[in-house]
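After this come two complexes, each holding subunit A, first together with subunit B and then together with subunit C.
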Partner chain A sequence: MSNHNELPTLAVWKFASCDGCQLSLLDCEDELLTLAGVVRISHFTEMSRATTAGPYDVSLVEGSITTPADVHRIQEVREASRRLITIGACATAGGIQGLRNFAASGAYAATVYAHPEYIASLDTSTPISAHVDVDFELHGCPIDRHQLLEVITASLSGRRPVIPGHSVCQECKARGTVCLLVSQKTACLGPVTRTGCGALCPAVGRGCFGCFGPADTANTSSLAATLRHQGTPAIELSHLFRTFNACAPAFLEESVSQGGPVPVTRGRPPTPTSGEEGR
Partner chain B sequence: METADARLIDAQGLDAVIAVLGELGYDTRGPVVRDGAVMPGTVTGVVDLPVGYHDEQAPGHYQLEYRGDNTVFAWAVGPGSWKAELFPPTQELWRATRDGGDLTFSEPDADYRPLALIGARPCELAALDVLDRVLRDGGTPDPHYRARRDGAFIVVAECGVPAATCFCTSMGTGPGADVGFDLALTELDDGAGHRFVVRVGSERGAEVLAGVSSLPASPANLEGRRQVLAAAADATTRQLSVDGLGALLARNLDHPRWDEAAQRCLACGNCTLVCPTCFCSDVRDTTTLTGEIRRQRSWASCFDLDHSYLHGGPVRATTSSRYRQWLTHKLSTWWDQFGTSGCVGCGRCIAWCPVGIDLTEEAAAIRSTDGAVRPGAAPGRVSS
Partner chain C sequence: MSHGSGSTRSISVDGLARVEGEGSLKVEVHDGHVTDVALEIFEPPRYFEALLVGRHFTEAPDITARICGICPVAYQMSACAAMEDACAVTVDERINRLRRLLYCGEWIQSHTLHIYLLHAPDFLGYADAVELAEHDRAAVERGLQIKRIGNLIMETVGGRAVHPVNVRVGGFYRAPDAESIASLAEPLRRARDAALATVDWVAGFDFPDVSGDYRFVALRDVGRYAVEGGRPSSSDGLDMSPAQLAGLIVEEHVVRSTALHARLSGRDPYLTGPLARYGLNGSSLTPLAADAASRAGLGPVCTNPFRSIVVRAVELVFACEEALSLVESYTPPDPPAAVVTPRAATGTGATEAPRGLLLHQYEIDASGTIQRARIVPPTSQNQLTIEADLRLVVQNALDLSDDELQWRCEQAVRNHDPCISCAAHFLDITVVSS
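Presenting the complex of A and B:
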């Protein structure tokens, strides 16, 4: 084993998110000690408050950009990272909090907080890639820990991660799950959703919720036409496409086509401005 | 196969056939009802088979209905095919470990418990023949496929009740079976009772049947079989006109129909994965945190962008080009490669396409407008 101080460094960063994707790293119970033996975990505040300064060989970034402060902080993370990998639906597509992109500025804050004037947040939730260059995007809500290990391992050995971009359907077929869409007429987003979860929901009789976002080629309009023909109302279809990956372009466009509200700003990243730091 | 030596068994006799195969050490697999469909599963007796079940199939539609009668094989194929038994979705090819500067390789044994495939339909038998040409009898045989395939004992169940998606009569693969089985069953359920005509296709088939109480099949039984198959052929209404089909598709690579199909096509890959002959796979090497290297093969689909990825990007970037690749391979260039059609007429790709794209309809549409060219296509392009 190499001297610990010579190992590649790994950092984990949190932006607007629920922490579930970071937790996937700690969920790697069988592999965690092995991982800790091949990388130096230099910054992972969910695991330890002990941190060391960058630069970092690999940064995992969870969460979306929702505050003026984070607009700046992600630039700092980028500058400190040789390889920046975004993990989860928030970081790759804006997450469930991307629903704010469809509401008038401040509407949610005014509903929730007694004094919304103390809230310093942006009108939009945007993916990390809207702000800085990203080396690899790992999708999912939450991400799959086996895929996470694969991405980390590939990064350490300098190879391309084996992360497919095809539909959930292929995973259903590989595990022998009978198609719910065809046999039960269940509304299922599997044909347009990226695989990675192991096709969990169809295996227990639930249609795919689209947690991993659009597949490489997602013909959402054709699937929507079939689901409508099978009896799913347009408004339900709009909701179906508008969950954790509501602002992923293919899902966003389809939810609008099915009558959902259009984004107030069409998801444009805000221009970083000075003097708005929230901390 | 000659019918002169055909025998007759009842449901208890079929039970006994399955029991004998189990006693001989076979992993007895057959159709079972699971999650609302007929799927491959473990069968230890007739009770495990889809007794009393009937199916309704159409483009993008499959519905199983339990009527409670005593028929065992009165349904057409479900989404699972025997491909998964012989060519599983994932297969480790080798792994290597590092010891200092040395690599030590190890391969998994191709030593499998022999399979008995009970109740395979004639179109599935034809599909195995297609797969054999690709995975066993070609220049680079797959040792895992070969081991599983050569050991497999096959009890075919001839078809009496085709689905609306079936078109085996167009492809010459059903509803009866002539070769390629160890035992062939034809279910008779008429005024004289519920029995199976059994024909023997191999020596080991004869040995298994010898261990079971059976009667010689009478001329009336054989006439009953003939009528079942004739009625099944009559009931197979979907058709694919195969006359000159390969050349037709090859000269219509710029037909506008490809783009029209792509408007509906989800590129989800379902058609290729339910297809009993689609054999495309992906071989990927991965490393572990401890430095072990693994090479694994997994099912792949020509509908994936990654499937045609070369340096710089995918060769077939549009869904139109990928749908065309699938259909022309299946019905046209498969002949050039393997000397057969890649399609056996089972109809799975029709029923299990979530949006109900029907390859027989697509081929017919191109035939009816032979020579049409989409706007903007390069002039004078012909089959390569």
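Presenting the complex of A and C:
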């Protein structure tokens, strides 16, 4: 490719995560080679040995900040990136590993490791927006690959990505899935969870467990009251709000209202990340 | 980066690519002998074994899936197996077959990712699959086509490719209808043919002449290639239950790693994964896979770690053939899940993740609340053997230039498809010679 060096550059970065969100890029089997023809993938260690120095036009960041070294690394990534997009619940809300924010300092490390002193790990897992400015947040655990392609395409052409902020509930109605909450009294977070997955769980008869995090307008207390009334115990409700997006403000507050432990304050509390955009 | 001064040469690289996770690697050579090798894992710990405590036993499959986005089904299946063991529940064979189909989807997806996107570029001298595609687009497109079909199985059975939503302790939320499973047959026939072409393609690569002295550990199943269950067995005669294996595995926490190193008590390091499965269960491969293995010249046991790519391709043929036969004989399980009532007990589950044996053990109370969790991923079990491999590979390749030796080391690590996100991304390779 003769004009290869003039193509816009894309970088993919990993922090504490499961690699599932960046895998979503490799899962774009039909589009991957086309994409590689219109952008230069300059840094993506899961895919390539070759890396080129920044600055990068678009950086995709997966994972949360959990180590002192990563607190510094994310600053470097921000400085090297024109647009920084966070992908997935780890990067936008701290992920499942954010559950440590509710435990006593050091308790988790001592459970897993014989020598916690060997481990350079923070007591908190925080989203990227708690550390640097973020241009766009894409939600989901994992993200949806069609949404990812939309975000990359929009970012490259300098327009705002078209990603809806309404709830899973509306998507069930659109695809004609019978409401589990009403018909089966199933505990379902669909009314307060951001759309994006295509309402997958209700389609298999399972209540939504909130993997895309809170929708733009999420009335969690009204849903919680309904679920309590239908017989879901408080502890179960607290756990339901406390998984991959446990530290997203709307879910965090509701889990605390249901009696879950409050986050232990250690300097910087989990930072609000409810909007689609950090700035 | 490379620099030399007098009799000392040292090579270091920031970041071993095309693996899942962050770590580093050091090799030291004194007077022509490898004296120290260390695979260091710096993946930030995520403390799953701690955060599971206090959660309900039904949450383990979805929570542990988030340990690894490349092999979530493995985590879901081992978690389900452990919880069902704790609650003394055996699931219906139709549920088991649907699990096996879902698992074949993950093997197809993960093996194709590794063969085409992560490993083949090493043999052909390319930085990545994009560069490979500039020279042989048809090959990469073939790989992506197979991978897509693996994902299609996971979407059809599990609802989604990364972190499926349809799996529950006891079985599935909803059994896919017969038509949607039947629609997988045609794509699977294409995948099977493309997988056969894959074996021929990789069998033609150049392989460094290296042979490891491996102790293999894999599950063994009756009459079939073990995937979603079986008894842990070893090449030196062990045969035991998953619980007994859990009792034998000693995990050490060493200073250089956020992963725990596993040994079997009192014995040497061991290897799990494709080479081990093939060595122990090769006779139970499906017919086309067995043919492909002999055409590729594999023999009954393969001890050249570089040829693991051929074994993986043979397993890819197996997974396609097996999935096709499961699709053709599919009857929806009814009910789609067994009822699992919690009781105070400890349960152990072991299944064959694409990278090797994955063990889960949980202690739950009578209400089903998790009291203790232990997860032993394949990469922690393989880490000591990967280090032994590096020693062997470097010792046999000291005539290579710094750059070539470094690439060879990276390749030696990638031979075992390590999932560092599982074990605890970023391998930093240093070769110090004096």
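Assume the second predicted complex is superposed on the first by the 264 of 279 C-alpha atoms of A that agree within 3 Å, B and C clash if a C-alpha of one lies under 4 Å from a C-alpha of the other, contacts with A are read in each partner's own complex, and residues count from 1 in each chain.
Everything that follows uses one rule, which is that contacts are C-beta pairs under 8 Å (C-beta built on N, C-alpha and C of every residue); 3 or more make two chains touch, one makes a residue touch a chain.
Note that this is a predicted model, so its numbers are computed, not measured.
A.B. asks: I'd like to know which partner A:Gln170 touches here: subunit B for first, subunit C for second, both or neither.
C.D. replies: After superposing on A, A:Gln170 lies in contact with subunit B but is clear of subunit C.
A.B. asks: Going by the contact rule set out at the top, does A:Arg78 touch subunit B (first), subunit C (second), both, or neither?
C.D. replies: neither
A.B. asks: In the superposed arrangement, does A:Pro142 touch subunit B (first), subunit C (second), both or neither?
C.D. replies: After superposition on chain A, A:Pro142 lies in contact with subunit C alone.
A.B. asks: After the superposition on A, what does A:Val182 contact: first (subunit B), second (subunit C), both or neither?
C.D. replies: Only subunit B; A:Val182 stays clear of subunit C.
A.B. asks: Does subunit A have more residues touched by subunit B or by subunit C?
C.D. replies: For subunit A, the partner with the higher number of touched residues is C.
A.B. asks: Check the residue A:Arg100 against both partner chains and state whether it touches subunit B (first), subunit C (second), both, or neither.
C.D. replies: In the superposed model, A:Arg100 contacts subunit C only, not subunit B.
A.B. asks: Which residues of subunit A are in contact with subunit B in one complex and with subunit C in the other?
C.D. replies: Overlap of subunit B and subunit C footprints on subunit A: residues 205.
A.B. asks: For the complex, give me every residue of subunit B touching subunit A.
C.D. replies: 34-37, 39-40, 60-64, 78-80, 84, 89-90, 263-270, 273-274, 284, 286-290, 298-299, 301, 303-306, 319, 351-356
A.B. asks: Which residues of subunit C touch subunit A once you look at their complex with the stated criterion?
C.D. replies: Its residues touching subunit A are 15-22, 43-51, 53, 55-56, 59, 62-63, 66-70, 72, 113, 117-118, 121, 127-131, 133-134, 137, 140-141, 144-145, 147-148, 151, 159-163, 165-166, 168, 172-174, 252-255, 258, 260, 407, 410, 421, 425-426.
A.B. asks: Could you please specify the touching residues of subunit A with respect to subunit C in the complex?
C.D. replies: So the residues of subunit A touching subunit C come out as 1, 14-24, 26-27, 29-30, 32-33, 36, 41, 45-51, 66-67, 70, 95-97, 99-100, 103, 107-109, 111-115, 118-119, 121, 125, 141-142, 197, 200-201, 203-206, 209, 211, 236, 239, 243-244.
A.B. asks: Once bound in the complex, which stretches of subunit A touch subunit B?
C.D. replies: Subunit A reaches subunit B through residues 31, 34-35, 37-38, 149-150, 152-154, 156-157, 159, 162, 164-167, 169-170, 173-179, 181-184, 190-192, 205, 215-217, 219, 222-223, 225-226.
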